[in-house]
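Each remark here refers to the structure printed beneath this line.
Here the chain labels run A, B, C, D, E and F in written order, and each chain numbers its own residues starting at 1.
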Amino acid sequence: MDVVWDFLQVGLVGNFSWGNMAMLAIGCVFIYLGIARDYEPLLLVPIGFGVLVGNIPLSSGMNIGIYEEGSVLNVLYSGVTQGWYPSLIFLGIGAMTDFSAMLANPRLILLGAAAQAGIFLTFAGSLLLGFPPQEAAAIGIIGGADGPTAIFLAGQLAPHLLGAIAVAAYSYMALVPVIQPPIIRLLTTREERLIRMKPSPPVSKRLRIIFPILAFVLCASIAPGAISLLGFLFFGNLLKESGVTERLAKTARNSMIDIVTILLGLCVGASTDASRFLTPASIKIALLGAASFCVATAAGVLFAKLMNVFVKDKINPIIGAAGVSAVPDSARVCQMVGAQEDPQNFLIMHAMAPNVAGVIGSAVAAGVFLSRFMFN
Amino acid sequence: MDVVWDFLQVGLVGNFSWGNMAMLAIGCVFIYLGIARDYEPLLLVPIGFGVLVGNIPLSSGMNIGIYEEGSVLNVLYSGVTQGWYPSLIFLGIGAMTDFSAMLANPRLILLGAAAQAGIFLTFAGSLLLGFPPQEAAAIGIIGGADGPTAIFLAGQLAPHLLGAIAVAAYSYMALVPVIQPPIIRLLTTREERLIRMKPSPPVSKRLRIIFPILAFVLCASIAPGAISLLGFLFFGNLLKESGVTERLAKTARNSMIDIVTILLGLCVGASTDASRFLTPASIKIALLGAASFCVATAAGVLFAKLMNVFVKDKINPIIGAAGVSAVPDSARVCQMVGAQEDPQNFLIMHAMAPNVAGVIGSAVAAGVFLSRFMFN
Amino acid sequence: MDVVWDFLQVGLVGNFSWGNMAMLAIGCVFIYLGIARDYEPLLLVPIGFGVLVGNIPLSSGMNIGIYEEGSVLNVLYSGVTQGWYPSLIFLGIGAMTDFSAMLANPRLILLGAAAQAGIFLTFAGSLLLGFPPQEAAAIGIIGGADGPTAIFLAGQLAPHLLGAIAVAAYSYMALVPVIQPPIIRLLTTREERLIRMKPSPPVSKRLRIIFPILAFVLCASIAPGAISLLGFLFFGNLLKESGVTERLAKTARNSMIDIVTILLGLCVGASTDASRFLTPASIKIALLGAASFCVATAAGVLFAKLMNVFVKDKINPIIGAAGVSAVPDSARVCQMVGAQEDPQNFLIMHAMAPNVAGVIGSAVAAGVFLSRFMFN
Amino acid sequence: MGSNITPEMGSLAIAGVLIVFGVLALISLVVALLKKLDGRWQDHERRVDEAAMTKEPTIDNTTLVLISAAAATVVQGRFRVRRIHRLLSPKRKRTPWSAQGRLILQGSHTVRRKRS
Amino acid sequence: MGSNITPEMGSLAIAGVLIVFGVLALISLVVALLKKLDGRWQDHERRVDEAAMTKEPTIDNTTLVLISAAAATVVQGRFRVRRIHRLLSPKRKRTPWSAQGRLILQGSHTVRRKRS
Amino acid sequence: MGSNITPEMGSLAIAGVLIVFGVLALISLVVALLKKLDGRWQDHERRVDEAAMTKEPTIDNTTLVLISAAAATVVQGRFRVRRIHRLLSPKRKRTPWSAQGRLILQGSHTVRRKRS
């Protein structure tokens, strides 16, 4: 039975490590949170299972591991490292996103800009903690609260940190309903939280068609680094709004985004093997990410309060928190926090405006980093 | 604020060019024609937005442009240059196409052959205008009036002209209802246009199953260059007609073709950057393409009149124009032209026969060019 | 007309071979069996048409053949050689598979293990017939009666035999209703075939969620070579059972698996060109495959009889035959054989347990071979 | 740039027209020949269709029993089969074992979806 | 590892905030300007919608005839058009030839599916 | 070509059978152990299901108000919510904020589709 014993050496028996065991536990926690707590299940379940797949202890050389050139996982992972999985997900998101709330009330776009301050503060903080600039940029984008953007930028600037960055980004996005409410309540008075905003006016079909074209040309001309994200987002949105390409939009927001989500989640999870993931850097990234979310939320809320100094139709500052993006979770959080004071106050319709603006904002921020760091 | 100014240099500010501005305008025109005029919107909208994506002025080296090795657009573009997007589109088209009209009336297949004369005349014309033979072949295929075939052949024989050829091909296909009616009316008498053809007999399920197998073996044995197109077209059709693979056919003609259409359109559009597209060659290609469509239409109509000399059951020569393919637009044009003389004359059912035969014809023509020029 | 004659030389006229003609006939037989006999049509129709595509006689150098680097078929074939088509098919199968029958009655899992004896016996037989060890392993897996597993292992260990192995595997899977019944009847008495098993108890949702996670970690820790197959199978199953990722599971078991099935079938068929396929090795493979199926069926049935010596609730030994996998055909065969003795005996619900266990079993066997042979 | 037309290319253009025409004429001819058999095929298919329609109720009874039993095994009497959604067209030729097996499997799937 | 913050990186952080803010402010401004025209666009769209609704029955008659004829040609009187499933929203702007052609094609597809 | 069977390969064949059997036996064992807990889990799930069914109307009232309000905000009284299509199974466990947010969002989507 030596042969059986020899054989067992290629698996757990011969490659046992506490690190892998810990990661298997983390994978199970992710799956548990996705299923039992309903936290972003479409991402946590695939990522969680991917963590299991990537942390089975095994001898290398069997053409199985995600970092072994030519293995199945490695081939599928190329969509992450080359960046086209996130782009295609943005295409699908564009084909789902309704910019009406934002178009109806364009001043709310500024809230989506303000909340991106978290990105650049985290960038500075990461530099302070000793990360080199490219890695600091990839870590900073966690504060953008946008999974595909974070994965895209990490894949371009710091592929070795991709797993840690993606896990941090999605973890905090899942924890948005835990993180944001205390910060919102801390920074607002009850009177502010009771502000009722007047219903948004309707938006013409024509404006909804012109918007993605115009917004793309504007953003891309100033921050061309964002083309690989915003080009796909606005293209998807044009397919949705044009009225003549509905079958393409439908496929983009159904089969296409589902297929890419499955593969992206699995691969991102599988890229977190213990030796790469269980490092001091990951702990720093986790802390910086948490800080980033808090700063972004605060920036959004405070900027809304600042705007209220100048405008006549007051903005409920709660919806500033939706500017971090994390679509649509943070908009829901705003609705929930508002409803605790006044159950008849339907903030979610307004919160969608900074929420989708925040997606554009973090993609522009990613473009700024890309433009600066890809030349090196 | 030097940093902001420096940053702006990577975008429009530092790379302004009138060529790009002109292309952005052309992209908007495509989108406009697709949406407002309903001209082939499933292709013009993606191509139009792709033209915008490919013509944002930017500094190279940021791993963004479609010609920068490894960028997202470049990776997605490989489906165009390697030729498998067009093949998969043919698979979907095969799974949509009903060859019944053609099988019911096999003599109408010859009309689909006659209209391909435009391809070879344009090939000769392109040589005369000084294009080298490979480019001339890729330009000639515009006269085949079949987008995927044109993109496939251009990708194999003249990748640097792909954008111009694809844009010309789709533009003229969109303009079929403008180009064809005057030519048809010029070459036919009112009596001819009033000819009513007798209804087509039904076709057995068995014949519809045997046809794609037989037609593939025949075409491919004679013109093996057409395998990458006709193999997929007839395979798709067999999936549709077999009756036992309906779920595969359904996916092929829905999600699969939609996903590939989105990516193909975007990439083809993005490949037309001003420096490659705004050249004298593109103008020549545009003129040759227009000539090609006119010749093809005329050849189809005249051949129908020639056939009428010999056959008893007269053919309405209008349907000869459907032989150019441009499925199903040119068949619709025939219906419309016929209905202007006699609103109760349902030509479209008959026009579908030369229409689908024209698809096979231009794929065979592409095969002829490929066989001849791939060896060099 | 020399040019026409020269041109014809690149096709059938200049490259005629009886081998190709024979393969074209075989392709038509496959299509016929799929359509007229309803034998695994979703695989036999694509493979059959692929055989036609791969055996059109043609001159090489036109960038068309599946073995010509960079051709459309070659690019699509990379999903087979790199092994991710089979993995994605397993993902879809996981999202379709209901392990309830197996979870309700876990002792039946052993029947799925017993039937894999055919794999290792065929491996030994192949060595005896002179195949080198890697090829012998790839041939042995035919006895696993699982198309994607066979294609995956052949692609990794013996790519030049892939066509022959895949064709043998699918042929015998299609012939399961012909091969298995006489063996079952030979090895069982009428009394045994009349055994009625008591209905399976229901299974909780929680157990169905825990199972894919646990089973994956167990299998992969012992036989990590199976990760590329079982990782995807159990991931798909988790997507299905979790209850919160239904949209991903739906896409995985519909569009995704359909697209991959179309491409896999076409490419596997096209890889069987006459010069590679019509060899003595293929005949040996066909014979070994047949033997393998018979041995596997017998092993399953006999093991069930052996278990009956020890257990109180008797097992109907017919369902041992379902352990070969060939899901769901061999489970249906069990139902049919049982119904011939007692039309009210609903064996299929029980036969599904060894049937799906057999899928896991052959993937583990593939993992054993991969672990042993990939190092060389 | 001057003209690139050469005798060889000129004859390629003409040969191309002839080949395309030849291939499609051949297809046209073969289809026309097959049409001779098509009347008989259509008659056959019509007869098969009619037979299928006549046989339909009988088939239905058998499978209904099977489905009910399968469903009963799974759901343990908690549900009742109220409506049968025919998953395969009755016109399709199929061997009995495949028809039977597939209907049972699919039936059980339908039931399962209801529950989860 | 020590701090990597340099004056250059510090100013990049500040410039980044400004650029993101600038881009979104620009979009906000442009959208606000377009909103001035939006009232007129909405009126226009409402009028087009209403016109489409009024015209609907007339369009329907024409296409119904066409579809019936096309269907009749194919199925040779074996079926009758009982229900028209409108495939395009009547609100969509379209040139007559496209509307006509597409409806006929789709109509014939629907009929074919019924048969196979 | 001669035989390639060696002692090493022979023992691999035997080891293979044992490993496959061992892995599946282990799974069988673990599942059998988990089945001990399964009765309790099933009871728990049945209770949750029943609770969900009893609670259903109350939940419905709350969300109906929310949806109506959201819809009213968007369409400005031009439509009325006539039918609620339940998008999530009531059996699913979920935190209130997610249930609430998602229903509103989806509701508004449904309304938007009607208009475009």
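Simple rule for what comes next: contacts are C-beta pairs under 8 Å (C-beta built on N, C-alpha and C of every residue); 3 or more make two chains touch, one makes a residue touch a chain.
Please read all numbers here as calculations on a predicted model, not as lab measurements.
S.K.: Equivalent interface to B-D, which of B-E, A-F or A-E, with over half of contact pairs matching by residue number?
M.R.: The pair repeating the interface of B-D is A-E.
S.K.: Centre-to-centre on C-alpha atoms, which chain is most distant from subunit F?
M.R.: Relative to subunit F, the chain whose C-alpha centre sits farthest away is B.
S.K.: Just curious, how far off is subunit F from subunit C if you go by their C-alpha centres, in Å?
M.R.: 29
S.K.: Could you please state the distance in Å, as a whole number, between where the Cα atoms of subunit A are centred and where those of subunit B are centred?
M.R.: Each chain reduced to its C-alpha mean, subunit A and subunit B end up 39 Å apart.
S.K.: Which residues does subunit A have that touch at least 2 chains other than itself?
M.R.: 7, 38, 202, 205, 222-223, 243-244, 254-255, 368, 372
S.K.: Give me the residues of subunit F that touch two or more other chains.
M.R.: 12, 14-15, 19, 92
S.K.: Is the chain-to-chain touch network here best called a line, a ring, a star, complete, or other?
M.R.: Contact pattern: none of line, ring, star or complete.
S.K.: If you go through all the chains, which pairs of them touch?
M.R.: A-B, A-C, A-E, A-F, B-C, B-D, B-E, C-D, C-F
S.K.: Can you name the residues of subunit F that touch subunit C in the complex?
M.R.: Touch list, subunit F to subunit C: 1-6, 9-10, 12-17, 19-32, 34-35, 38, 41-42, 44-45, 92.
S.K.: With touch defined as at the start, can you tell me which subunit A residues reach subunit F in the complex?
M.R.: Touch residues, subunit A against subunit F: 1-4, 7, 36-38, 98, 100, 177, 199-200, 202, 205, 243, 328-329, 331-333, 335-336, 339, 344, 346, 348-349.
S.K.: Please give the residue numbers of subunit E that touch subunit B in the complex, ascending.
M.R.: Of all residues in subunit E, those touching subunit B are 8, 11-12, 14-15, 18-19, 66, 69-70, 73-76, 92-98, 100-102, 104-105, 108-109, 112, 116.
S.K.: Which subunit C residues qualify as touching subunit B in the complex?
M.R.: 7-8, 10-12, 24, 28, 31, 34-35, 38, 41-42, 45-46, 49, 52-53, 56-59, 61-64, 70-73, 75-76, 254-255, 258-259, 261-262, 266
S.K.: Where on subunit A does subunit E make contact in their complex?
M.R.: 102-103, 106-107, 109-110, 112-114, 116-117, 119-121, 123-124, 127-133, 136, 202-207, 210-211, 214-215, 218-219, 222-223, 243-244, 357, 360-361, 364-365, 368-369, 372
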